[in-house]
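The same chain A turns up in both complexes below, where it pairs with chain B and then with chain C.
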Partner chain A sequence: MLITGENFRPHVPWIIGCGLAALAAAAWFLAESIGLAAWPSGGSRVGLVLGLGAGLICWFEFLLWPRKKMRTWRIGTVQLWLRAHIWLGLLALPLAIMHTGFRLGGPLSAATIIVFVLVIASGAWGLLMQQLIPSRILDLVPAETIVSQIPHLSRLAAHDAARLVSAVCGDSQDDEPDNYDNYLVIGASRHVGALQGRVLMTRAAPQEPIPDSLVLRSYFQNSLKPYLLSGRAGFPGLAHSRQADEYFAELRTHMPVAAHPAIAALADLCDQRRQWDRQAWLHGWLHAWLLIHLPLSVLLMILLSAHVVWALKYSTHPIPFIN
Partner chain B sequence: MPNPTNAKPRSSRIPMDYFRHADGWTRWKARLTWLVTLVGVAAVAFAMAAPVTQRSMASRGPLTAVHTAWNTDCAACHREDFSFSAELKTNSFGNPCAGGAMDQRCNNCHNGGFPLEGSEGGIAWAGAFHHPNSSPGSTTSCSGCHHDHNGTTANLTRISDAACANCHNGLESHAINAQALTVAPKVVNFVGNGSGSHPEFRAHKEQWTDPGSIKFNHSLHMSAGMGQNYTLKQVGSTDQQRYKNYSAGEKGLMQLDCAACHHLDSSSTPGGAARQAGGVFQPIAFERDCKACHSLGFTKEKTGEVVEAPHKVQPAELKAFVEASFAREFLADQGIVPAASAPMSLPPLPGKPFSSTLSPPDRKAFDKAYGTQVRGALTRLMSKAVCAECHHLEGDRQADNSISGFGDKPLDQLLASKIQTGLFKDGASKAPAAWLGNQSSPIPLVWQPKARFNHATHRAWDCATCHAQVQGSTKSADINLPKLESCQSCHGPARNEVSTLTPAIQGGARHDCLECHVYHQASAGLAGLGNSAWTDPRGTTKEHGTATRGPSR
Partner chain C sequence: MSINLSEEIVPVVLEGQVVELEKSAAELLTAPRVKLKIDGIEVEMPRATLATDPNTGRKFPRLTTVYDAAVEAKVAVPVLCHRDHMTPVAVCRFCTVEVGGRVLAAACHRAVEPGLDVKTHKTSAKVRKAIGVLTELLLADKHPPRGAHLESERDELLSVAAELGIKTDKPSRFPLTVRDRGRDESSMVIAVDHSSCILCDRCVRACNEIRNNQVLGRAGKGYTARIAFDLDNPMGESDCVSCGECMVSCPTGALSNRAVVEAKPWIGAKPAATAVNADDLLSHPLFEGISRAFLAWNIQSVVRRVYEPGEIVCREGEFGSSAFIIEEGDLEIFLDAEMKHAAKSKSSQRTGIFGLVKTVVTGLAKRETKSPDVDARRNYIPIDAPVSLEMARPIATLTPADILFGEMTCMSSYPRSATVRAKTRVKLLEIQRNVLYTLQRSKKAKSMLDDVYRKRSIDSHLRGVALFADAITNNAEFNAFVESMRDKVKLVRLNPGDTVFRQGDLADNFYLVRVGFVKVSQGRPGGEIAIAYIGPGGHFGEIALMSQLLELADKTLPGVRIATVSALDHVDLVSIAATDFLELLSRYPTIRAALLKEAERRLDQNRALTKKGSTEINLGEFLKQGLMDAQSLLVLDLEKCTRCDECTKACADTHQGVTRLVREGLRFENFLVASSCRSCLDPHCMVGCPVGSIRRRSSREIVIEDWCIGCGKCAENCPYGNINMHPFPTGKKMADPNQPGRTIPVVQQKATMCDLCSSLDGTPSCVYACPHDAAHRMTGGELMTLSIRRADRLAGTKS
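Up next is the complex of A and B:
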């Protein structure tokens, strides 16, 4: 969720509300601390109230998960839930820390607060990534696609390239049977003003193999195909655009001029594949935090439940408000 | 060759239902979530199933060393169930000491006399265990101050000043009767400027004088020869070994120091102030500290025998002793008993003076034969050379009690009088009655009953470092208690200014409230470890074990 620029305005009430709540809680906590030998514990009046507040917020935060699963429920927009998730989650951190009285306590309470801090930290990291990464993707990956489909699209690109190479060099026994001899349909990126998008382009295939172009098949098999299929892992020599330019420049020197349009089409395919690699890498930065945030959130709910049971069972005072 | 199909199928490069198939990220999120869920649930279930892990999971940390035995027995202090309703019915919430479930468990062992009952200064103890005048709402629970589970080396009793300042920064609002306050209403630190710093010690602030009934001149006794060119040779033979270090040879002048008479109490003072070992000095004992120089002897003219009169007797008893001491000669003279079997000095019947056992004719004969010698001996004993050297007559306190002698009273009047025992409580000393009542010796044992001080821990310092005025003290009324600034020379924040003490001290020693004060039974400052019996302000005496350990369980 973006909270910058024009998206910031809806967050203002949440920031003010949660900030005031945090200040009020801190003021109360400090007031209750006056004259005490140590910070108020979790069982003290202020400690219990703050802990209760933090716990309830945790449960609310956790409800975002089922809310996302139930998108059709009319219980507030997902945007609203996300804003509440972000700011209430941040509010819960000072509440929980004051609830601890700045002590880790026993193994259970220590584990609970440590997991809680990790959950908040991973969420904050994720929020930061959400502010930074999408704009980077727009800048660096004009040929953006669906990340999960990159392997599938890579195979299609390799197949298109194989057909183009066959058309230029002539069929070989290793080529797969192909009925689309006369036309090639390949993906290409096109610029329209400041925008760049990916379009399909139908090219006419050479009617006959171009003489003295067999070397292209060798290049294709050894480097182009592995790169189109697996990206940098398949052939690192094409991972950077400068390297790719040098690679194709060299290839052109070995090929007749009639084959140069085909080489340009192959270079275009490699450029798309390079962008997909970059997109996958940025996508990892954008979503990796969820691998921590989500499992630890579940763990936090488990520990929080146990903490409540333990606290009630071994509480120092029959009614915490009394002392 | 015709094109078998158009480009549309080829353009549908991404399957329309691609989102139905989870990608790697989604699969890993699900796997990790399930893994963490299983591990978390299993860990919590395991911890809850086994009592030991259940308790260790709940524990905030190891108990302090003295509570180690209960590290795995949570129920010794904590409720270990969910029985809120039962405790709600039984607890008295206004009184944390009696109310809190945990406090009740604390009291199972630590019922050291609190909450106190009765009254002090006309104010009834209302369940408070600090001071009768502290309002019950101002006291917290045991665990409010004593935080355990902070490791075996944690100190449960070293409470921060903030806890004290909670009330002592404005005692009026925390007192049952603000008019009855006997201490400064605002004290928040030991060293500081302004109204919140520790006041001067009360004895100095109120200009007390020593209410003791023993005449003593410190300056004289610490001078060489003690004003009489006293040498070791004049000390009794049995004590010469003990005092040989106080003179340069037999003919050298004696010069005493503090340790010659003041002996640290290595255990406690039975029946008196209960302190840490070495905290206070033993009471001055005549037999041990004075007798070597101050003999109570008198000489029989006939035999030349020197008889030592007993100490701690009143004049009438002294007279009976002297008469009885001449019994041997008289009985032998009368032929009642052979000289060899006559009693040396004791009266013939236990508990009765010798003279009372004589018939009137014998009595007249005894007076005729020995009356002069008896009066001579009594005159010496009651003179300023012996009894009157140190004692006052009862109710006859001299304005300057450093003056020897009982005045010009005739002997018969002196013999009918009584020697002053205990402290003078005539108001001249300005010491409050409660303080005077806590001192059982004729010499005050503890000048600051509400403070803790251990002379043994300060043994690195010369006595004069703090008690510099002793060297020039000539009157018994002098209070040679150090002033507050003497303590503050060391006990205060570290600073750069140079102290007047030698060696120079620049502060840095602990100066929190609990360095000197106690919280529980603070108004009964003589209570504490080291005393076999403990007397609280109500006047009741408990065996110390009962007071501190509670009933056997």
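Up next is the complex of A and C:
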């Protein structure tokens, strides 16, 4: 969730509420520790209450996952849940740390708190990514599409390019022998109605084959096609725009001038593919943190449950409210 | 008429708009009217009228025919191949008349000429004989239509025979043909019986001209000539989309409804609705001349409702897509909440280039949200009915003489402008848009409806314009003003793309926008740029007319338009001629002052814009993308959106796993307008539906009812690609035509589109499920405001 000056308002009550709660907890914790030789432990009154609070928050935090799956349930907007998730999650950190009494404790307690800190850290990292990456995508990937559609669109682009190459070279080797239209639509998103979303360009393909241009076919087969299909993984030599400029400059020297518009169209397609690679990479950064955050959260819930059972059953400390 | 491409093109002003036409066409349209006689009755007709090709939007002169003159003279000439809304082809010669020449002429095709003395079958024995023989021959050559499903059809050939007194129960003096020309039952929807076809070509023109489906044509020669689908394929294997237009156009029942998938009328919701049948409807004068087959095919689009005194028929502010024909009883029409009608919204006070931009998009939206934005000085309230309401006593009575009400909502999808309540026990026919469209194709119904519409729209618009109501606060004076203006104003109706006037033209009229949006653009050194758009309630054209006033003398060119104004969608304008406008200014100094202020503001803006060179936001792009019309765009803020696809998944979860939005589409600044229904104010998709199943119920969202026949017209007509086709099981089974002995299930293709989750709880799931505050529903105007704010912010950061 992007938090900016523009949409800061709905966060304010959460920040104030959680801030006050953290301060109150700290004050109580300090007050309870007066006269004690060490910080109050997790089993002390204050420690237990703070631990309980942190534990309940953890459970609530965890519920965001099923909440997001129940998309048709009207139990508060997901946005509201996420806001609560962010600020309560941050509140849980001081509560949990005070609950430990600044000690790692036994292996189970230590593992729980360490995983807890990692969960919070990965979440904070995710939040940071969400602040930075969307606007980077906006700036760096004007040809942005839906990430899961990149392979499909790449195939379409490679097919368009193959038709163009066949129109220029006058052969139709391994690509479907199509009737060449007088025009060729090369685009990222199709079928978006009469006002096409972003059809990148419509270029006239040559009416008839251009003599002496067969060399384009081998360039296409060996490098352009693999690049259009799989990006950097298909042909690393086109992965940077500088490399691509050199590549196409060289290609132009082998080709008749009449074929240069077609080469420009191919260069544009490669540029589009480069943007999709970049988009996939940024998308990876934008969402990769979840691969850590989610499994760690599941692990945390398991550890937390074990910790609760352990503490209640085997704790050597007297439980203040019980006895 | 044929168009000579090498001819000089000249602009002419016709029916309140600038039209570019070939010189000869322009001369025809501006030629003096001609006098001619039909069976001794003298009539005066124009040489041609301006027509628009429904498919290309091209304007052309439609020559006035002898048949048109006969209609004017109220002399009934039988026609078979001719329909008012189709190009005349004169293949049947049923409309034969004597025009004094050697041969008889086809009235539907023969253009009027001065001094023609036309004799029809009523006064000429020669004509009567010719038509009689023709009828007998055609009857002998044609089988009566076969099939049990035909009881609802009416054979127009038999009607003509009856009219001419030809006995059809006795054997014909001409030998009956025995040859069976075959049947085609390959289509699930329409059966073709070639033996009953008289080759009138009505179906061919219906398919190609009216629906632009280009499926039907002719094949074979001589006796084997027949109608053919695509390259003479069986109908069910052709590109036919089953829209039914050919079937409803066929005069003989050669094309008929197989009624495999029956559609049920929408009976629910309101009290006491009953289904009607075609005979029932044909007894109403408004439906006279409407094809019985059409009514039978579209019977789900008409229901009869009976309201007891005090019951509400429709409520102000509700959306809808139906109109009501008053059969019996009286109704009261009034406003729910007093004085919440001012269309003048705060946005109109905004200064800067977009001051007039969203004058009314928001105005309309506000009505829906019951805005208290009122104009206490308004005396009269514009409503969607043939009467106007007095603020002091906002109640008027509608009777059967008013014919119908609610057609503005039905045709233009604007919210209902008043509440209607039964005063006595009333019987109403509620009709859907497709039926109203067809009524407007019939000359008689159209003239009845047009009269009502023109009178009502002009009157109610004048009473509703804030400009006037603000200026004249005295009730009696205001009444006198409306009275005095009534005969001085004209209603101008425009199609998308039509030009009202062009920059540099001499000014002749002042215009008030009643329905739709117009674009104001100016030619600049870098090309033409859009500088504003004006919606319902707005006005334009005053600057050139007021240029002689001292206050504006040095600010603009005298009497010359400073911008081009053209229609963005279907637009109704109320125009006031220059002389009347100037008289108005001198009589009402308050109106003069208000207009002067507005003119100065617009001129200042214009100057500022010229200095800057361009607008901060690409208004031209905004208009080109039709965003001004949108009432509920799904807008994703790409700075916040994490591309998590929760919105799409939520949509799919709400609609049985099939998403109705695609997170891709056009971009406007840093916003992505996702491909999902925008709930346009003037929905393109609803225009062509042959059965009226895509409609608005009582709120903003557009729904597709389950009687959709899957013709795909709406999907094709939506310029934004927001409607998709999906197959749905019907539960029925049919014999497999390819494998005898086997049955296969029948699936019905239907259109699907975003219904703003009205099937769930009306809260769009996409917005509800977005975790990142990135997805929002908003009007086009709101998107514009947001973009301006964003641009301002960015400019602030840069400087």
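Basically, the second predicted complex is superposed on the first by the 291 of 323 C-alpha atoms of A that agree within 3 Å, B and C clash if a C-alpha of one lies under 4 Å from a C-alpha of the other, contacts with A are read in each partner's own complex, and residues count from 1 in each chain.
Everything that follows uses one rule, which is that a contact is a pair of C-beta atoms (placed from the backbone, for glycine too) under 8 Å apart; a residue touches a chain by one contact, two chains touch by 3 or more.
These numbers were taken from a predicted model, which means no experiment stands behind them.
With the two complexes superposed on chain A, say which partner A:82 touches: chain B (first), chain C (second), both, or neither.
Only chain C is touched by A:82; chain B is not.
Looking at A:1, would you say it contacts chain B, chain C, both, or neither? Reply first, second, both or neither.
second
Regarding the shared-chain residue A:66, is it in contact with chain B (first), chain C (second), both, or neither?
In the superposition, A:66 touches no partner, neither chain B nor chain C.
With both complexes overlaid on chain A, does A:130 touch chain B (first), chain C (second), both or neither?
Second partner only, chain C.
Comparing chain B against chain C, which has contacts with more of the residues in chain A?
Chain A has more residues touched by B than by the other partner.
Once the structures are superposed on A, label A:146 by its partner contacts, choosing first (chain B), second (chain C), both or neither.
After superposing on A, A:146 lies in contact with both chain B and chain C.
Name the contact category of A:74: first (chain B only), second (chain C only), both, or neither.
Once the two structures are laid over each other on A, A:74 reaches chain C alone.
Pick one for A:313: touches chain B only (first), chain C only (second), both, or neither.
first
Touching chain B in one complex and chain C in the other: list those residues of chain A.
In chain A, residues 145-147, 149, 283, 287 are touched by chain B and also by chain C.
Could you pull out which chain A residues touch chain C in their complex?
By the definition above, chain A touches chain C via 1-2, 7, 68, 71-72, 74, 77-79, 81-82, 130, 133-135, 137-138, 145-147, 149, 189, 191-195, 197-198, 283, 286-287.
Which residues of chain C touch chain A in their complex?
Those in contact with chain A are residues 624-626, 638-646, 649-650, 653-654, 662-667, 670, 675, 718-722, 760-761, 763, 765, 767-774.
Please give the residue numbers of chain B that touch chain A in the complex, ascending.
Chain B reaches chain A through residues 1, 3-5, 7, 10-11, 13-15, 18, 21, 23-25, 28-29, 32-33, 35-37, 39-41, 44, 47-48, 56-61, 74, 78-82, 84, 87-88, 91, 93, 96, 99-102, 140-141, 143-145, 147, 149, 159-160, 162-163, 165-167.
Can you tell me which positions in chain A touch chain B when the two form their complex?
34-38, 103, 105-109, 145-149, 152-153, 156, 179-183, 185, 187, 200, 202, 283, 287, 290-291, 294-296, 298-299, 302-303, 305-306, 309-310, 312-319, 322-323
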